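Same chain, two partners: subunit A is paired with subunit B first, then with subunit C.
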Partner chain A sequence: MFREFAWLDVISLLRAAQWTILLSLFAFVAGGLVGLAVALARVSRIAALRYAMIGYINLLQGTPFLIQLLVIYFGLTFVGIRLDAWSSAAIALTLYTSAFLGEIWRGCIEGVPTTQWEAAEVLGLSHFQKYLYVILPQALLVSLPATVGFLVQIVKATSLLSVIGFAEIMRIAQTINNVTFQPFIVYGICAVLYFLICLPLSRFSVYLERRLHGVA
Partner chain B sequence: MDYTFQFDAVFANWPLLFDGVLLTIRLSIITMASGLLIGILGAYVLRFGPRWGIAIVRGYVEVFRNTPLLVQLFFVYFGLPSIGLPLSPNTAAVWALGINLGAYTIEIIRSGLLGVPAGLVDAGRSLGLTDLKIYLLILLRPALVISFPALSSQFIVLLLGTSVVSTISAEELTAVASSIQSRTFRSFEIYLAVLAIYLALSLTAKAILYAISRRFIYAHLKMIKG
Partner chain C sequence: MALLEIQALRRRIGGNEVLAGIDLDVEAGEVLALIGRSGSGKSSLLRCIGGLDTADGGRIVVDGIGIGDAARKRDLRERIGMVFQSFNLFPHLSVEGNVTLALRKVRGMAKAEAREIAHAMLEKVGIADKAGAYPRALSGGQMQRVAIARSLALQPRLLLLDEVTSALDPEMVREVQNVLTLLAAEGVTMILVTHEIDFARAASRRVAFLHKGRIGEIGPTKQVLDTPATAELREFLGFRL
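Now for the complex of A and B:
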């Protein structure tokens, strides 16, 4: 029979929230590293590399994250690599995040004025040094609001990992709801938890945006 | 890698997949229309509404943009019946998707309004028009024109987001795929095919929105920006 919803359940949800945060951080770091490579490849002087990245980004931005996740989850097991929920989640989140961060950062790299490239050239910097000392620091500053804003999307995307059985907030909520059958309270608390994680990020993104444009 | 692909399961079930695609398209179009309507109303309140109205709209926008669609969907589908408002999966899907999209369109149209010259409001006032008429007859069109690119990409996000409603078994493309794979065990092939279908859908939608912007939006935008 059903049991009452108890404080213990709130604690389980809070524990699950730790996983949501951990997954989001992982996605940000891993996706950010791959994303940087994607952004650099996207503005590379090698045409083939640029076109390959356009394909990569179109594929990942033009299909639902849920389907990407399921293709990886079912796909790789069938191909012969045994994958648990953890590795599928890690791969799917990394790919998804890298495509979006890559595209955001590409825009920021391209937004750095041509004169900065020329100035770096005049100083006799190598191609690598130009990026490291001149272009990327400026691009980074401009990219901050959109990057932090995308963090909110990552946190929300992790809720879909419940579909492959990953024990983050939504998964735990579903199991609690199955024994208490009080969806209004259970999913209400879920919404509050996600809100508490996401709102500071959104606010911070808006703040960075204003500061960048010299409004605040 | 000794796996042999068998796409028979995909081809044998194409009528089901086709129905799924149709429902995905229908869901998307209904949601776009209702999301746009919410956006237009909400942006009006933010610009001309009373203080309490602004507070409500701001709260709505913040809550729905900072929680996952999946939570909103479960709240609507499982939560509302428990307070006496039962909904079928498809209806719940439309409600959740529409309310979710509305939060984004309000914000997009609001910032579109900021790009419309303020003198137009004064012009409307001096003609003795009410706020509502100023908004609908003067401000709305240029605001929509300015926000068209942002609205377009939000529509694409929505189109892809409809896959999430499969979790409450609304019978759209992803749900169809899930039921086929549980019968045939050809999960990989089916989800690969569905991935391709979604890609085709979103690229087509992008092309249509781009064509609309070339045909109707571009000239207006040049007029507004001078």
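Now for the complex of A and C:
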């Protein structure tokens, strides 16, 4: 028997949206930290490290996030590694985000003119100090619009976590739809929620792009 | 002993010998201008002295320390300052931030002390009122003066200036030139690369004319520029005048 779609369902979806936001934030922070390491390794003077990172980035950018998630959650059990949904989601989101942010930031690091390195060199800054005080601040400033833009992709990617049972928006929507069978309303509200989360981010990205134009 | 000693310096880029055996001494307190056509090797020479390019042969000694002496790289860096044609200020830092960065992070000074030095240097180049401004808000001449102040703050024994007025309007060239004249009077040792003869004449006491990677002529500024001995320099000056 089906029941009617009720206001209570909207509240459930709003609660689930908290998970979507939380997962997105986690992906952004953890993926950002690993992504910074990926970007630095990608422009490292050590060739082996550079090539390893090219492999890492290609692998993660060249396969669907859903497949990565399924391999980590279900696939690893076959080699004796049993991960719960939380750990699987955390690892999958971190890997996925780090590959993309790493590549965005690598481009921005390489975009800082050589003359900035030279100016830092003649002032006597060490290699680490050059990165910390001269190169990274400029690269990250330039990367802000693209970085915030990618955050929108992360938010949408979290919807795939429903397949491993995460109670985020998509999962709850499926559950509600199963008992109400009103897909247009349920998924419609779902879309509106994603839109409301993503729109400010997109707008912020555009704003940053305009604001930072010509700064660095 | 001269402050800078260069012997048989060579550098190749691809199949080209851009420096084909340079011998040069610069005394403390001297201002030397390197002139010559594009591709004559003058910027290459300066970059080798500044440690930005590596020579393929010969040696450079600054204040008794050989360039390439890895163990004393830091000592060497402290002795050599360099200013570029395109200023190369750090766009994300204010004028004061640009000047204090190395004082704080390389010299390990406290913020207040670094600021004090920065303000003294900015005062010297006549731009102390812009300490809080960001590079993008400055004119070319102002940016170049900040770049000079940034270098001077570290009190280098030798200041290298690579085409520092080439990107500037005539009016701004004068601003920068005045600063360099002041520094020369204070006894700061400088080597300046320029293709502007008037600037070389005004700013230097000695001129070296580079031609095809060698020093074609060298001597007191007035003598070299007024009575050039080689056909190449005569042609170069005639072409310019």
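The working rule: the second predicted complex is superposed on the first by the 213 of 216 C-alpha atoms of A that agree within 3 Å, B and C clash if a C-alpha of one lies under 4 Å from a C-alpha of the other, contacts with A are read in each partner's own complex, and residues count from 1 in each chain.
Going forward, a contact is a pair of C-beta atoms (placed from the backbone, for glycine too) under 8 Å apart; a residue touches a chain by one contact, two chains touch by 3 or more.
Bear in mind that the values here come from a model prediction, so they are computed numbers and not experimental data.
After superposition on subunit A, the partners subunit B and subunit C are accommodated together without colliding. The superposed model places subunit B and subunit C at 100 degrees from each other around the C-alpha centre of subunit A, with the value given to the nearest 10. Contact with subunit B, but none with subunit C, is seen for A:S162 once the two complexes are overlaid on the shared chain. Touch criterion met: A:P183 reaches subunit B, while subunit C stays clear of it. Residue contacts after overlaying the shared chain place A:L141 against subunit C, while subunit B stays out of touching range. Contacts of A:E118 after superposition: subunit C is touched, whereas subunit B is not reached. Counted by residues of subunit A touched, the larger count belongs to B, out of subunit B and subunit C. Of the two partner chains placed around the shared chain by superposition, subunit C is the only one that A:Y133 touches, whereas subunit B remains out of contact. Between subunit B and subunit C, the shortest distance over C-alpha atoms in the superposed arrangement works out to 26 Å. In the superposition on chain A, no residue of subunit A contacts both subunit B and subunit C. Those residues of subunit A whose C-beta lies close enough to touch subunit C in the complex are 115-116, 118-125, 129, 133-134, 137-138, 141, 214-216. For subunit A in complex with subunit B, the touching residues are 58-59, 62-68, 70-71, 74-75, 78-80, 152, 155-157, 159-160, 162-163, 170, 173, 177, 181-184, 187-188, 190-191, 194-195, 198-199, 202. Note for the complex: subunit C touches subunit A at residues 50-52, 74, 77-78, 80-82, 84, 86, 88-92, 101-102, 105-106, 136, 150-151, 154. Across the interface of their complex, subunit A is touched by residues 1-3, 62-63, 65-72, 74-75, 78-83, 156, 160-164, 166-167, 174, 181, 187-188, 191-192, 194-195, 198-199, 202-203, 206 of subunit B.
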